[in-house]
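There's a structure below that I have some questions on.
Labels A, B and C are assigned to the chains in the order they are written; within every chain, residues are numbered from 1.
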Amino acid sequence: MKRDRLSPLVTVLLLIGAAIMLAPMLWTLLLSFKSNAALMADSGSAFAPPWTLENYAAILKGSLTTRWLLNSLIVASGATIGVLVLSSLAGYGFARLEFPFRRTLFVIVLLGLAVPEQAVILPRHQLFAWAGLHNTYPGLILPSLTGSFGVFFMTQYFRAIPKELDEAALLDGASRFTLFRKVLLPLTIPAQATLGVFTFLAAWNDYWWPLISATTSDYFTLTVGLASAQMNYAQTSGLGFLMAQAVFASIPILVVYIAFQKQIVRAMAGTAVR
Amino acid sequence: MSGLELIDVSKSYGATRVLDGVSLAIGAGEFVAFLGPSGSGKSTLLRIIAGLESLDAGEVWLGGERIDGLAPGARGIAMVFQHYALYPHMTVRENMAFGLVNAGVPKDEIARRIAQAAETLEIATQLDKKPGQMSGGQRQRVAIGRAIVKKPKLFLLDEPLSNLDAALRGRTRVELAQLRTRVDAALVMVTHDQSEAMTLADRIVVMNDRRIQQVGTPAEVYARPANAFVAGFVGSPAMAMLPARVAGHDGARVRIGLPCGADLPTAIPAAAGLEEGAPVTLGLRAEHVTLAPPATPGLPARIDLVERLGDRTYLYARLSDGSEIIAHAPGFSAVRPGEAVTLAVDAAAAHVFTADGTAHHPGPRA
Amino acid sequence: MTGAARRDGWVGYAFVGPFLLVYAAILIVPLLMGLWISLNNADLFGRREWVGLANYAQALGDPVLGQAFANTLTLTLLIVPPLTVIALLLALALNRATRLAAILRGVFFSSLVLSVTIVTLIWRFILTPDAGLVAVGLGALGRAPVPFLSDPAYVIPALAVTTLWWSLGFPIMLFLAGLQQVPHDIYEAAALDGAGRWTVFRRITLPSIRRTLLLVVMLQTAAQLQIFGQAQLLTGGGPGGASRTIVLYIFEVSFGRWELGYATAIAELLFGMILAVTLLQYWLVIRHEEQRA
């Protein structure tokens, strides 16, 4: 990275750009603190007091929003844990063990990177209907576990660990599984964090699959629930409430973003290095 | 024989043969160095002994037990890796305990062994540090400690000094020399550095081109190299190799003629392959070539390079026909590159190698 | 492979097996099922009737799909080039170790963590004519509000702007990662050679991040060809299909009209198109690199 400072012109342009990025979010935040009635009269009133917490109170009191939040947490956490476990195991296997058809299988897994969701989502919907998995948590979680990226990412990470460590552990009498769990796995914690945050974000924000798999509102994730709310409300009748929902739904993900910004950037950057 | 025994070990990677019928016996408590250039097979041999590589044919025995079918951890072998291979996420104590825990050694016994090893290696105060917080020399001692606590029957050291800077190298050499007094085990060290092997080992196994070239004490390997390869590889500076011809025989001794016209009476007994006129290579160590005092006969040469070591000086020179030779002079020689000199050769100490690499050494002085 | 590894035999399957099982059941099986379903007159409830390539023939003659195709292509062209250029410029400006740059990076990355639902929710009430932020701003200037989401002339650009705002963070990250891979001494050498800023950018920076550039364009093209949520949520494809995208049409055909076979055929065509475009972009860049080498 360069150390020199930005020129004044570039700085001004960047600040304008940043304002454009932030304005929609701040607008949403302002609207969420206004009563629906006040916004009905004039949404411009959002710029001035009185502000209120009534929309947030309404969310916590009655609506399904908290249930959707719980669903999203379950689905995103389940996907994250599942991807971490499967990818670590497979990554170690592909990076370190020799077994029949290893290369062929790895290529087949890599090809998965090129398959867009559209190519599988409708038949998968059929398959899950047949298996009775719609409107269940496993039904919402399982599709996230097919991602090739995690396996690829972990394989690369395991490969970068010096093989001398494996050999030292083998001479220390460690079994393949002890070697994996006690020696190598602890060394992949940075990669686990990166992949975990990445998976959590993707699962949390997924829209297409939960939209068609969860059809009863009890199993909506926040993303789908908010979409249904968005479609059901007449445009401004519940504007403040709707915006409060948006803010409420964004809080967990913004917390994750701020807490793990380094890992997120590294995860994204990781895709560039491949 | 309770030490290590290799019987006819062979190994290939696909079509590439890396070891070809290697047999060797090492006594319990002996310190042996595998010496050779990279690609000679010495590291593969070490890894086969450790169980990190499989062998295609042959047997490995340790302490009267055949071990080539056993898992690496079941062989009673400990290894100090080139880059130490310490577990970065474990403390020094955990690093040392790992193998013992896997082997089911009782807790108090583990603690006792670690305390003892840490004491002798002077790392007792470092036990709760992680390897990343330690210097290279300390890490090496931890690696040695991790091997010691296992009380192995055989110690393997893979290029133990190559990773250290010059200052640490000297100190660690002393430590490795002490190591053998501390452990009740045979030691095998792999190195490409002949001076390490000469300093530390009881016996040197010189390897090249998939095979053992010579097994012997440092003195034997240095004074009576088995072939031209060993002669050129062991000793610093390397033995000069001059193209030559058998000029004739003085009684039972061979006389050698050089292309520059010189005629040298050696102390080498006549033998098959040394008939008059046979093309040979004359091997001369620098300590047997000196500057001739003024007005004495010798070989005219021109100096290429002067290497002044303080107590002595090596002179890299060229004879009139262009063949390279190395001479030595005591102290700080004033000779300069480009200068023409006359060299005196102690022909009685010369070695001769026939075209197939067979070595002929000076016989007992007549 | 080492001998120790060779002794593993089938042990490896204990490690890769769980993933392979999920991968086969939930990715490979549906992928093959899709090919088969697309050759059938199928509905959502299990009816199957073999029709061969009829679904594909129908797709090629479907004017609604034609319009959706054109909309999707327009959106892709309106989004990918500006996105790439803006992201590259921002990355170049933000690739420095000052505090301000770090804060601004955080700001420009922030929108990418939002879900499509939140993004559309936010933008709906920015663009909506009677109460949106833009309308409030125009009103303050004494101008009439513009019905961005219901005027066929504005709806595609409106979707493009929304998507640009949402998608900016990821390409910036990729470019920053790419820029940091460029060895520093090249720049120092260029400075010693007296190269100007523009020359340095064109002759050193740009060639060095060629692969990142390719990756950004490839990923974004593939993503925008599958654009769905924004159109479905903001406009429902309206007005009059003016913003219907291919994936939105797939969604309508399958879950609105229940014509699963036909929807799957369209999905297969889209899959083929994405694959072809990706390979073409890759081939163009790689061929170019080989010519230079």
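Just so it is clear, contacts are C-beta pairs under 8 Å (C-beta built on N, C-alpha and C of every residue); 3 or more make two chains touch, one makes a residue touch a chain.
Just so it is clear, the model here is predicted, and its values are computed rather than measured.
Centrality by Cα centroid goes to chain A. Comparing the CA-atom centres of all chains against that of subunit A, the greatest distance is found for B.
Per-chain CA centroids place subunit A at a distance of 16 Å from subunit C. Chain centres here are Cα averages; for subunit A and subunit B they lie 58 Å apart.
One finds 61 Å separating the Cα centroids of subunit B and subunit C.
In subunit C, the positions touching at least two other chains are 2, 4, 6. Those residues of subunit A in touch with two or more other chains are numbered 167, 170. In subunit B, 51-52, 72 are the positions where the chain touches two or more neighbouring chains simultaneously.
Contacts from subunit B toward subunit A in the complex involve residues 50-52, 71-74, 77-79, 81-89, 98-99, 102-103, 146, 150.
The touching residues of subunit A, when paired with subunit B in their complex, are 162, 164-165, 167-174, 178, 182-183, 186-187. Every residue of subunit A that touches subunit C in the complex is listed here, in rising order: 1-6, 10-11, 14, 17-18, 20-25, 27-28, 31, 39, 42-44, 85-87, 89-90, 92-94, 96-100, 102, 105, 109, 112, 114-127, 129, 142-143, 145-146, 148, 151, 163, 167, 170, 176, 180, 201, 204-205, 207-208, 212, 222-224, 226-227, 230-231, 235-236, 239, 242-243, 245-246, 249-250, 253-254, 256-257, 261, 264-265, 268-273. Chain contact summary for the complex, subunit C toward subunit A: residues 1-2, 4-6, 8-16, 18-20, 22-23, 26-27, 29-31, 33-34, 37, 44, 90, 93-98, 100-101, 104, 106-111, 113-118, 120-126, 128, 130-133, 136, 139-140, 165, 168, 170, 173-174, 176-178, 180-181, 212, 215, 219, 222, 226, 228-229, 233, 247, 250-251, 254-255, 260, 263-264, 267-268, 270-271, 274-275, 278.
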